[in-house]
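Order of writing sets the chain letters: A, B, C, D and E. Residues in each chain are counted from 1.
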């Protein structure tokens, strides 16, 4: 029991991200409304970003901006220890991922609007019904 | 300059895509020449790159001058050298062929369409060339987004089916990203070769297994591997002909390439074939994919949609071949990437010629079409023979390798599936041929007796010439299969696989 | 469908949970992620690029190639929204409404006839609603400061959180705020569609062009140290400057794309009054 | 970092996410999604990912929400689930 | 066994392909047919020019492209191939003359397509004859199947199309479904596909697997019309008569049976078949086909359908001969390829001539036709004698050798089968001839207006009839080739 709690506490970020991802995935597959699916999609992507950021976290370290860096780069002489700073790589990747997410969002919304203009509804089953009766 | 081929290959299309979209606001007629020039350069440098690889083996190009794994690097070996050449050449031919149909179908949106087209090609080339797992994801998204935009420009239910494609595509890409994340957290690296070097100590770890499965599923969604294929047929069918004739041949094949790259380079064959015992189930899945694709294709009364289902079946070929786990199967899969790209291009160019001249491409619309467009139909026959797998067209030889791989792996179900789909293809295409050749074009023509009444109205030359080039390519590739296999694919497969 | 969705989601979750079992403890300094590559970035960034903000350095230099494509992705999205939504409608015949800015009286102009050329009339639609005075004024007052802050974010990305993306987004948001607080016509008058679209491309071209310039100067693509000969400084500073240049490019591209997407989405491509 | 705060925000994130996909009004969903993104960016700033949270604050909570709202205004608020 | 490298085989295959563009482009029928003749003669001469070399016991080899070790696009001309190539190329000349007469006589539509695909079919046939390995043979086999599809469906009406479907389903279905996997399996077993003197499968696989392969090959080449894969042949009779004549007397069915012979001798090898004693199996299948085919032929009224079933029966003689696994039997089988070809094509020509002249297709309507078309029916009589295997016709030679072979192999039942089937042949041929000539004038169904068919139709059938008589007294060319081949195979 104790070590179970240990595990839960030690990795709770991961549990939460998995929960969020399941929520998003469920919304994308099971929801009937196109915009709801898009919301789910964004939750899904954000969950993955959360996962990456969690991988980058480091206990007892500070944000990845060098302290003595201000001023000219002669300050590079100051010796820098890796343990003092959070791992920057996941942050970089996730900046990209966020931008990709918003790009996808834009395209998805544009498509949803086109669909709405055509079928005058956002509910998938109603759209399919309209297509069938055509 | 040849040192910079890997960069040129991707950068020239990117820059020119931007220039096109800007130039579109000044003068629409500038766009097409720029696009042709860009893709021409890309094709030239990809072929040059392939030749260099053949001479001096794998090439590493350090982007930003940083050594991998710090920076991002391009690894170009025989495998992606070949695929790069195919992708760029196919895109180039299709661009020339599609000019007229683009102008017909999207009169006021030509400029952004060309820009998206070139962006798509950029993304595909980048995916194939890159040696960095995360970079691959970004390029995947470029390809996906431009593809959605192009496909959604089609007629009736194009937008809806593209939206579904978008959902599925995003799921696939995100799964891939997640898998890369899992790899990153256990290895701490993103560079494929670097990961491959670190992994052997971690083969037992559940995280690596999870990463592998997630990546695989993501890629499968992207390549429409049964049962994740549901999005493909509608999306490809309703898109504009220019878009579908670019995306249908290339995107699925490039995703197959990604899968093979994951197997061969990232998670070494040792891990994929020996440590995990999942190759048999996957081959079974591939068999089901082939069967289902063939059967669903039989049910179609619409040429283009029938072809999309054939693509689903072909994906089954390649996945199964890659997962047979022996040299012959892998050779067949890689060879089939080349052949299937050409075959699909041929078939879809035929469809776009038909769409350019006729109102539709359902079976009822193409009755007796041969009198109207004989040359197009001739090309269709060649493409059909190749898809069926009749020697000496190239389709036969890749099927040859796949089947002998199946025999060596004693996966007879896969062999049966391949033969079955060949038979079904015979039925499919001879049905089409019968309709095109023997049905009276108009109902008054009494069973085509007497002189043909229909005046010939063939597609313009700019659409025919590329089609003929592709059709001839089908036969040439078939004849030179030996060289392709012995000079390129032999070296693309690591010695570990026997 | 719901059942299938639930099953898929749960199975994925189970798979991921199993896979999570072998993870290193959360935030463990000894985890491979923090020991394999990142130490090099953290310790070498300063002397290799002289950029204190490691994220910016890695983003725009070590992995600058990624970032270029991420800008291209944004650009692609803008282009996609444009091609999907924009409708080039002819000025449909019929009466047009104009509004006199000073008095607020609405003038209906019959078809064919023209309005005397004067600055204090603005074109409006039938659905036009008068913008709320307070919101309008406050936004007008705020927007310059927002933009100033955005510029700061871009320029100071070397030393503090922020950079091209954030700054670009904020710049775009300022224009979008204008469009929301008044109407789309106003913001489009500030930022013409053509200019906007061309700037999108230009932004990315700045980025890729810098890389290509390095290539022309004889080093690999995006190897900023090649700029040293142009900027007359040592390679390390050249890298720092190169980062600044591309960040500016990113900023421009992102700003314009955000505006582009917003304009197309909010007016379904008709470029009328928007929301 | 203060783990209680971290935990609280994590729970809030989940709640916001679930609410966003269950609320029977698309505009509400858009706003809740904005809230979700904002929680997210708080979370990341707690974890020290300042740039990411900055981007999320501007992109996710800001522009994305605006896009959502614009799209909803242009289509409909009606949703059956 | 010395070999020489020469491009002649390739030329022989290509010559009829090369003229197809001319055929397509030429608008004037005369030009078109002139070119067809040129190609036919050229092909025949090329084949003939290789004859002396072969007779000297030399083999001519030419490799086009190699895409796998042991599996190349490669030609090799040996005695058997030579025999077959001689038959088909010589008959092409005659048939093209005949088809000119026939097609013009009936004013058929789209004759260009007809001649073009005819040329294709001939290339494929010679290609099969000269192929040096299974792959090449399969290639040309498929090419032939696809090239003959438009000929079979020439009339384009519903019947033609449905039987075309049947044709394609049987031929391509079996070749893809059975022959192709069999080929691949044997390649993976032996690592080569080159036809060997004693096959290449010996000692590579267990008996059951060999048996499976034998089954797949035997039925995989469905063109050989071995039952139960025979029913495409009667269906394909909807084609114009010259097509039936060439394809079902010469090209298609002979290609099928030739492939079977090739496979039995060149892939399995007689010794292997003998040691595993698969001979009886082959004999069983073949004799079943012979008897059933003949019985069905008895009940047919349509002349062409009757000929089709008789073809089915006769083809199995060849398989039977090889199945005997005795030198004389194999010789008889191979010679029968030639003999049956000349006899059967004459019969088809006659059927076509009758159709051109009178428009009659059924035997019951042909009472007294001999009076009006004496030449035709005389030729018919001779040819049917040849098929039955009675002197003074070539058919006798092959039948004789088959009988000897069955004695040599101590297969008494086969002897009875042969004799009985000959009786059956007589039983379905003779009544026709009888009705044609010996009927009372008032029964005659033809008034005096009916004349012989145009010379273009009659001359060829006379020639072939004469040849099939000559072949009794001078069978040397084919006979020597066959016995050479047998020597190479059995080494005796």
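Convention: contacts are C-beta pairs under 8 Å (C-beta built on N, C-alpha and C of every residue); 3 or more make two chains touch, one makes a residue touch a chain.
All of these numbers come straight from a predicted model, not from anything done at the bench.
The minimum number of touch steps separating chain B from chain E is 1. The fewest steps needed to get from chain A to chain B, moving only between touching chains, is 1. The chains touching chain D as well as chain E do not exist; no chain touches both. The greatest centre-to-centre gap from chain E, using C-alpha centroids, is found for D.
A count of contacting C-beta pairs for C-D and for A-C identifies A-C as the more extensively joined pair.
Computed centre separation for the pair chain A/chain D is 11 angstrom, with centres defined by C-alpha atoms. Chain centres here are Cα means. That of chain B falls 32 Å from that of chain C. Separating the CA-averaged centres of chain B and chain D is a span of 38 Å. Separating the CA-averaged centres of chain C and chain E is a span of 76 Å. In chain E, no residue reaches two or more other chains under the touch definition.
The set of chain B residues that touch two or more partner chains comprises 134, 138, 141, 145, 148-149, 152, 178, 184-185, 190. Residue positions 50-51, 55, 59, 63, 67, 70-71, 74 of chain D each touch two or more of the other chains. A complete list of chain pairs in contact reads A-B, A-C, A-D, B-C, B-E, C-D.
Chain D makes touch with chain C in their complex at residues 50-51, 54-55, 58-59, 62-63, 66-67, 69-71, 73-74. Against chain B, in their complex, chain A makes its touches with residues 21, 25, 28, 34, 37, 41, 44-45, 48, 51-52, 55, 89-90, 93, 96-97, 100, 103-104, 107-108, 111-112, 114-115, 118-119, 127, 131.
Taken in their complex, chain C has these residues touching chain D: 53, 55-56, 59, 161-163, 165-166, 169-170, 172-173, 176, 180, 258, 261-262, 265-266, 268, 274-275.
Residue ranges of chain B in contact with chain E, taken from their complex: 385, 389-392, 397, 400, 403-404, 407-408, 415, 419, 422-423, 426-427, 430, 434, 437-438, 447-451, 479-482, 485. Chain A makes touch with chain C in their complex at residues 10-15, 18-19, 21-23, 25-26, 28-32, 54-61, 63-66, 68-70, 72-73, 75-76, 78, 80-85, 87-93, 95-96, 99-100, 102-104, 106-107, 109-111, 113-114, 117.
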